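Next come two complexes built around subunit A: one with subunit B, the other with subunit C.
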Partner chain A sequence: MVEKKKEFRKRDFFYLVPLWLLSLIAPDPYLYHKKEFRKKDLYYLVAICLAPLIWPDPHFHHLMVLAGIYAILSLGLGLFMGYAGQISLGHAAFFGIGAYTTAILTARYALPTFLAFWASALSAALIAYLIGRPILKLKGYFLALATLGFGEIFLVIVRESTDLTGGIIGIFGVPWFSVMGFSFDTYLKQYYLAWGVLTGLFLFSKNLVRSKVGRALLAVAASEDAASSVGIDVPKAKLDIFVLGSAFAGLAGSLFACVMSTANPEAFSLGFTTLIVMMVILGGMGTIYGPVAGAILLTWLMDILSRYQEFSLPIYSVILILLLIFFPDGIGTRLNVRVIYLIGYWAKKKKRDEGKL
Partner chain B sequence: MDSWTYFPQFLSSGITMGAIYALVALGFVTISKASQIINFAQGEFVMLGGVVTFSLLNGLKLPYPVAALTTIVFVVLVGFATYLSVIYPLRKASILILIMATLGVSIFLSSTSGLVFGTLPKALPPFTSEQPLQFLGISMLPQSAWVLLSTFILLIFLYLLSHRTLLGKAMEASSTDPLGADLLGISRNLMVFLAFGVSAGVGAFAGILITPIFFTSYSSGTLLGLKGFIAAVLGGWGKNNGAILGGFVLGLVESLSLLIIPSGYKDAVAFVILLLILYFRPKGILGSPFIDSRRW
Partner chain C sequence: MSLLSIETMTKEYDGVRALDRVSLRVEKGNIKGLIGPNGAGKSTLFHLISGVEKPDSGKILFKEKNITSLEPHERAAVGIGRTFQTVQIWGNMTVVENIMAGMDRRLRGGFFSYGFWFPWIRRSEKEALKEAKEILGSLSLLGKWESMASQLPFGKQKLLELGRALAMKPELLLLDEPASGLTLTEIEQLSERISQIRREGVTVFIVEHHMGMVMEIADEIAVLHNGELIAEGTPAAVRRNPAVMEAYLSRGPAGKRERH
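Moving on to the complex of A and B:
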């Protein structure tokens, strides 16, 4: 007579409940490569549209505006880091370039914000194109260091060229974003603006990664030598996605300047770069749903932590390190698989214990 | 007034700065001798060296040498703790994860030391007199001479460690050929663990040396660490004498650049040098044993 074991361990509940809850929110890249359009996408869209109406709290709206802007930024970075397999620690600089372009054009020269919006993307893309060619030759640590160096140079220039950028104080009085006389002056309107732009860019990226370009990027990430041997122009592919990611960052920066109505250098420091790279990593590399989820998650985390005043940075860094140690592939990755595995494990457990399997 | 009249003065301050960058760069090179990990928290060890010594001197009223030694031991323990808590669990992770984790450590150390030791900038008393030495019309702080001397002694010590002891040879073996080192029975994890301790000690030593010259505050470590890394790359990644040479070149160029550009842009000079050296000669001035030029 085999001694009957316990059906399940109590501690399994601790894994299952949060994992199941997370799997509802976080997308799993490993299950997402088959169908082009899923019902889940529609649910996400409906949730985005209804969320601010169901929860009419201005603070929530403002947080989600920021989350949307960071999501645009980390979407572009996710294409560069997740799909092309490169490292960039200087993406905050392109965000800053976008913000300053908008701030200077609208606050100084009184251009319409809609024009400044596109000019920001153009200027960020142009600078990315100029520095991309020499920098993207590098790999690994040295690529990270070079992009980080670019970010620091940008910060120094912004701080010192007082005539152009207002120095440390920055530029104030950037007008609200407006199109054809319709001004986005409340948090609710800004919410729909940020998430509308994000939805558009998201659809664009989604089509991009399914196209020839996206497949080429995956090949470059896997092996540059192999990619070039099948006829992919590796430097061009990397440069293209770098410029595209920077243009996304420019758009996000432009929205940021309009929403916060200011642009100052403290917003684009190394700490901010760390934050957006963490958004991409925690969401999961090699997926376009991931950066968006990571952006929402980390914006909320930062908001909760900001209550703890001077303890927020130590707590934040500890959480960051723990997440990196326990979820290096991103929180959402293989979550569904893990849950399904656990359920299957329990389902078969009885039979297995009885010796039937 | 023409700024060229200050040329000798810029030269002497550049040499002092160069010695400091060289010391920070040595910390990076020490870890690179055991594994290809780059510790972005290296600058925080330097910062901790200055800040902890300050609070031991002024809070506990310890004599100077005792405080300095205690600090070095403390920071070495912090280095060990960093390795055990962050690097060891992530030893098989990708480069990006390691970069982010060490940046996380850097944020943790700087913000925690801001909490514990206060956010005000701190200055230690110099080792000997404060009277500037006059030499060929250049005035130089005695502390600068101490910095130069200590850099030289530390370089000899690190040379002996890496070239004349079995431990140093084992470290180098585990860096250049991990599989071969494993086959020879060298514990790679132990080597990286010890290298972290040594590099944290070197960093703390640098911090104690420079705090009498420059104010050290909780946030000054990051930039110093980055510049030390740039110095290590400039001289030749993975070489002790490369780190020293790179440090002095960086310090001198940064200091002499004040002759032609406004002083606010000084911090950008190091990063411009970095971009140039990475583009034209990623091996560095002396050439790096780890970087194969074909792959760049």
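Moving on to the complex of A and C:
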């Protein structure tokens, strides 16, 4: 017994060393200072850049490519759900619109992928605008139902209009993503493509949420009456962020089509929509780090569980339920509060007491 | 020239006449009080002015312009700010963000300029933060500027709501029962603050149950009873008005005077 105890202590000590090192970089969650957050971002960025070089495993690379694409998708949905406080169950449809736009433009009309990439965002945004104008007047469950209906209608259209979308079989032969002759043809290159795009969109979203736009969205989520009483145009704020989230989804869909070199209706079903919503909820609402964390977690989880064949879905659902019980407001938020709180607490306590922070 | 004038406004809810041909004027630079027993139609009148509800007939003129058909946020844009009877601060934001969100209509720049964080956006955000802190300072809330608004005690939340309405630099400020739920000292501070707001050139239109406070600070008082305007004038004149005494002392028709 005694020996065991000793062992534990030793191990605890070894855990403490990296934790202490981490605490030097980790932000102090007590205080809300923009400078601190910048440091954290840099830390994450370095981790993202180095991760595929540390693990030079193609399977890991491919998984992280998918995680990056899903993260773009859930980032857009996270803005709409977590900040504006609305709900959308049709987000997969915009992903699909992006994927099909790219597939049709490149495989059929042989346009460069770079052009198709932006066209995907535009078409997704345009359709989101047309759908959003009438639909966003609804609230709560009704909005959920309406967006759900839109997603299903999109699927039916894709399956039935065989000439345009290839029906159930889909479109094959989408070329690799390429910019000015540089082709992203390995998983490693695609990793940097997906995470590069994600980083750009992430910074864009971060600028939005820390400024007037983000404040207006949070105001709309908390009280629409109060928001309009200070001159915030509530329907416009909702529509803007819906269109932006859909444009993100369009970009993600375009990357997805290039990476998978195909677009077929299987990828954009209701199950996929719930997966994205789960990413946002598990990751944490009201933060933009959350959806990214949720996307990585769920992609990785699905991959690990896929080797258990028919047991994978029950295990998956049990894990989701447990996560929701223990992290009700998302791993992103809770991890920030729990782990980084603990790490940062002692290291910065002295500084804080002196009033330097 | 009066800043706000309401002309023969009528509003009905399911056959119950909440407001009956009410005409009212608020002069520029004044503090106007609106009093009346419960169910007299005060809140309805406020909802109609701020645009949450639309009148059945009659019109509202603000600075000689007809604003009857404007949406609430458009009314805010022409310069009408308000607070709510039940506190409606944004609990999901920090105190200073609440004030900054109140400045929304004064901050220029579109969606993309914020996303790309252009230099002028950086500047205007910085100035907004500075100004928000000044407003918080004048409300003595500066000590809590970084805590979440939902964690403030009730009295401070009411102050914050007032600060948010001031942050949009309104010309007319509608205060819906600002003193309800406050302690006596807090009410004193509040009335001082309201007088100061008026000195800064903002016209104030105030609905209040707390008679002492409204009699003290208002230049002019209007009394509503059963949806009709029964008296209007200086506080002293209103206090002596027999119709007002009647309305407050005797019970009106049953059902109209129920207490909450």
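For this structure, a couple of remarks:
The working rule: the second predicted complex is superposed on the first by the 295 of 357 C-alpha atoms of A that agree within 3 Å, B and C clash if a C-alpha of one lies under 4 Å from a C-alpha of the other, contacts with A are read in each partner's own complex, and residues count from 1 in each chain.
One rule holds in what follows: a residue touches a chain if its C-beta (ideal position, glycine included) is under 8 Å from a C-beta of that chain, and two chains touch if they have at least 3 such contacts.
Model, not experiment: these values are computed from the prediction.
When both complexes are overlaid on chain A, the residue A:R108 reaches neither subunit B nor subunit C.
Residue contacts after overlaying the shared chain place A:I157 against subunit B, while subunit C stays out of touching range.
In the superposition on chain A, contact is made by A:L145 with subunit B only, not with subunit C. Of the two partner chains placed by the overlay, only subunit C lies in contact with A:S211; subunit B stays clear of it. Shared-chain residue A:K40: touches no atom of subunit B or subunit C. When the two complexes are superposed, the chain touching more residues of subunit A, out of subunit B and subunit C, is B. By the document's definition of touching, of the two partners only subunit B reaches A:P134; subunit C does not.
Once chain A of one complex is fitted onto chain A of the other, the partner contacts of A:S223 are limited to subunit C, with no touch recorded for subunit B. For the contact definition in use here, the subunit B contact set and the subunit C contact set of subunit A share no residue. Across the complex, subunit A meets subunit C through its residues 31-32, 204-205, 207-208, 211-213, 215-216, 218-219, 221-223, 225-234, 240, 244, 286.
In the complex of the two chains, the subunit B residues touching subunit A come out as 36, 38, 85-86, 89-90, 93-97, 99-101, 103-105, 107-108, 111-112, 114-115, 222, 226, 229-230, 233, 262, 264-265, 267-268, 271-272, 274-275, 278-279, 282, 295-296. By the touch criterion given at the top, residues 50-52, 71-73, 76-77, 81-82, 84, 88-94, 97, 100-105, 107, 109, 111, 114-117, 121, 125, 128, 146, 164-165, 167-168 of subunit C touch subunit A in their complex. Residue ranges on subunit A touching subunit B, taken from their complex, read 81, 87, 89, 134-135, 137-142, 144-146, 148-150, 152-153, 156-157, 159-160, 270-271, 274, 277-278, 281, 310-311, 313-314, 316-318, 320-321, 324-325, 328.
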